[in-house]
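Listed after this line are the structures, all set down as structure tokens.
Note that chain A is present in both complexes that follow, paired respectively with chain B and with chain C.
Entry: the complex of A and B
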């Protein structure tokens, strides 16, 4: 390996360290919530009279109107908010990739039809769509339904991206070569095309997770997303919404958590983008 | 020039063995905003076992589209005319259902591309890519296919093939990559191999090695080679017969010796004169003046008329047909009938 490439790899590793460390930290907090959180997120401590306590050594993020420890709720909320976003984005990637790859592979009239349908879907504001569907639910929205809803409304952009990429790839020489050697279509897709979609999907995934975290928070804040008592960063903020200045800790701390998570995702997305762009440089 | 001045070499296979490839009236059109571009317009030829047929002509003359037609892989929106017929090893290519077409590609007929860097998939190891051809066409297990791929890679001159097979295309040199392409194209011993400018992207020394490899494999397996090139040096070295294409048509077809000894179409003469030579000192390289007309708008009459030194009134109105002037040597030019009209065929670039 030449020195130039060694140095490039070193730079790349350094660009990675920060975002990866943060992702690891968030994941560890979410996974280890029951062990990390000092109190239960749902049940107030036995000295139940201590409502609306400002941050202190015993309760670093204060307590809420039920006397529950806000730090514990934010920690448990990370579980819900993060896993929900990751699940919804995974679903969106799956749907979008399938739709986009289909359109790109088949081409012609089918492609045009599928793309016009996509344009219609993209023309609808996602937030309004979500609000409308959520409002339709007679009872409160179950968590799985919420995830499905976010996933099923989040794949349009992915589909458009994948379709463009697939179309470009179909014109590459190695796809023509694969066809000239009699490689069947399904195999062309799995073995020859899909690996090339990985960079664009990875970057899209990180950015979409960030978007979904804020979307979830927004919907939960409006009372239409994750339903209490299950804590999510959005509905913890909702708890503090009626006394924003008096009980500032109820909104500030989950808000900071959202910011941290979103920034982490973006940093990771940027690092990924750099990584893939660098790999495309001639060796 | 008097036809029949050189005896026809016995490179043509006897008529009683059927050709590996028979192309009849191949016509490929690309619909464009300016009308249909007739990229290939009524091309017919045959290729026999064990012979090398070279297709020469400048960019845009239709040679690559012809090559892709032979695999039924004309890029959209190109369309092959309904009355065109391509017969490969007895099978009518253009009438085959998808499944049988796929079985034919890579096994009976295969293609070597010009630029191995882009024709190999950068995310798969070369061993995987060679083995894939085996796995797709035969029931071989993953292991057996890999073993076969390694053997083939060694056969095409890749040293330490077992280790190299694990590498990715970007880890190989250009010549190595082209050897891998050749391994992929030849591993199932196809009857016909189409090579579209296989050495154009390579260094001169590597070019010679690759041509030598192709020649060795041809002689070892008796495959028929259709070599697309614009390099007359390659033609002289490899070809048994030559097809000269111009503006979507074959303008001259001849055994290689006859073509070099007695080039009869003004375009062929121009091409030969344009080859720089050490034993002929000229101030400037000779060229064929002008460029190929647009495929949407071929002129009436001969398509070469605007670039031809010997053009006369008949060329402007009546399209010439392909006429046999000696055994195996055919020319599409009115000068065959009226040889006295031939003028100094090539103008010097410096004039």
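Entry: the complex of A and C
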């Protein structure tokens, strides 16, 4: 191996080290929440002296109006916020890939119709849709319904990307060969297209997780997302919003957690883009 | 060009129609109907409710109701807002200008600031200044805007109390001020909501402009321009003009984000716009106002992207033919 190539490889490895370390850190915090968190996220101490404590050695992120340790709630909240976002994005990827691949594979009038419908769906502001469903839902949104809702409103952009990619792939020689050999469409999709879609899906996934983390936080901050007492980064901030000036730590620390998670996703996305040598993907 | 405009107008109508249909479906999926959702409905005897229901046409077949609903949407008449106790149209008329002021101002300043910063960065990619700004923009891009709004609120109304925290004008003294002071009062109330929206927007546009500028800088026409002996500034201006297109396109795509941001910002700063009315309507299950907002928001977004499309065609002659 030449010296230059070795150096390039070293550079690429260094680019990976940061994002992977961060992802590992977040995953470890989320998975190990019960062991890492110094206190329980929901059982408050029984004495009133523990309410509204500013950050200290005993409570690095302070305590909230129920006397619960905010650090513990942020750690447990990472579990909810991250797993919810990953689940919702997985669903969105599944739906978007199915729709986009279908449109690209079939082509013709069906493709045009499906794309026109997608354009319309894309034109509607997602937050408004989410708010409307939350408003019309008979009860407070249960967590599973919230995840389904985020997934079902998040796949439009994925579908458009996948369809574009599939359409480009259909003109490649290996797809021409597959078609002329009479490979069934399902197998065309599964064996020939999906492996090529992996890079674009991986990068989109990281960006979508970042967006969903923010969206979840926003909806929970409005009281329409994850319902208390389950902690999420958004609803911890909601707890603090009533008395923002009295307990800033309820707002600042969950926000920093969101920032860390979103930046991690972006860094991972950049690293993936490097790996697959893609420049032409949406930022 | 005319065909393009017509296609886009048709698209807008399609979007509004879809939004109206979604709102209709949600309305009927929701428990009860607007009659039982009205305040104090439980005290109204069933016979009276049936009369009201017949008056409002809620006893008609679904298809008839749907047709009536579409007619209402076409006339921008969404019925009576139960949370505001006045017709939805009045609510929109009084609240919408405030939201548009906030959104329009934020959009303009973020495009201007983002394009300026991005163009500066794009001409010197990899320099220290570029890297510092890029990191800053990435952070601004990564944090939720409502968090930024909360931090600004904390910073400038509590720790350094130089700006008012809520409302559009001073609730007590505004009416007693002279015209000049009233203007100052309005401006002071606008600063924080505007800044919250602008910071995020600037980050978005700066990133797009920087990338476009960097790509255009590698185009052959740049080398030609330098070879002709044009000055640095002239070339930079030419490159910038060609790199402006993605920014304009982004402006259209970015509208939903401004709208979303406005909902949060209005809530946090008590800005009397359509966003805060919407959140209140959701809390009070005011179906009429919520569906009005869904339709209106979708219409605003598509019309915005239509304008972005036209502006793009004006900037780039290549786009005019299709």
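One rule holds in what follows: the second predicted complex is superposed on the first by the 266 of 283 C-alpha atoms of A that agree within 3 Å, B and C clash if a C-alpha of one lies under 4 Å from a C-alpha of the other, contacts with A are read in each partner's own complex, and residues count from 1 in each chain.
What we mean here is this: contacts are C-beta pairs under 8 Å (C-beta built on N, C-alpha and C of every residue); 3 or more make two chains touch, one makes a residue touch a chain.
Only a predicted model underlies this, so the values are computations on that prediction, with no experimental measurement involved.
Trainee: Label the relationship between chain B and chain C on chain A in the superposed model as either fit or clash.
Mentor: By the criteria stated at the top, chain C and chain B fit after superposition, with no clash.
Trainee: Could you give the angle made at the Cα centre of chain A by the lines to the Cα centres of chain B and chain C, to the nearest 10°?
Mentor: 100
Trainee: After lining up the shared chain so the two structures overlap, which partner does A:107 touch, if you call chain B first and chain C second: first, second, both or neither?
Mentor: first
Trainee: Once chain A of both complexes is superposed, is A:127 in touch with chain B (first), chain C (second), both, or neither?
Mentor: In the superposition, A:127 contacts chain C only.
Trainee: Looking only at chain A, is it chain B or chain C that touches more of its residues?
Mentor: Ranking chain B and chain C by residues of chain A touched puts C first.
Trainee: Tell me which partner A:179 touches in the superposition: chain B (first), chain C (second), both or neither.
Mentor: first
Trainee: Now for A:242: first (chain B), second (chain C), both, or neither, which partner does it touch?
Mentor: neither
Trainee: With both complexes overlaid on chain A, does A:262 touch chain B (first), chain C (second), both or neither?
Mentor: Second partner only, chain C.
Trainee: Note down the smallest distance between any C-alpha of chain B and any C-alpha of chain C in the overlay, whole angstrom.
Mentor: 14 Å.
Trainee: Identify the residues of chain A that lie in both the chain B contact region and the chain C contact region.
Mentor: Of chain A, residues 283 contact chain B in one complex and chain C in the other.
Trainee: Any idea which chain A residues touch chain C in the complex?
Mentor: Result: residues 116, 119-121, 123-129, 131-138, 210, 214, 217-218, 221-222, 224, 237, 241, 244-245, 248, 251-252, 255, 258-259, 262-263, 266, 283 of chain A touch chain C.
Trainee: Flag every residue of chain C that touches chain A in the complex, lowest number first.
Mentor: By the definition above, chain C touches chain A via 11, 14-15, 18-19, 22-23, 26-27, 29-31, 138-139, 142-144, 146-147, 150-151, 153-154, 158, 207-208, 211, 256, 259-260, 263-264, 267-268, 278-279, 281-282, 285, 287, 290-291, 293-294, 297-298, 301-302, 305.
Trainee: Contact residues on chain A for chain B in the complex?
Mentor: Checking each residue of chain A against chain B gives 107-108, 171-174, 176-184, 187, 191-192, 195-196, 283.
Trainee: Can you list the chain B residues touching chain A in their complex?
Mentor: Listed in rising order, the residues are 71, 73, 75-76, 102-107, 110-111, 113, 115, 118-124, 132-133, 136-137, 170, 181, 184-185.
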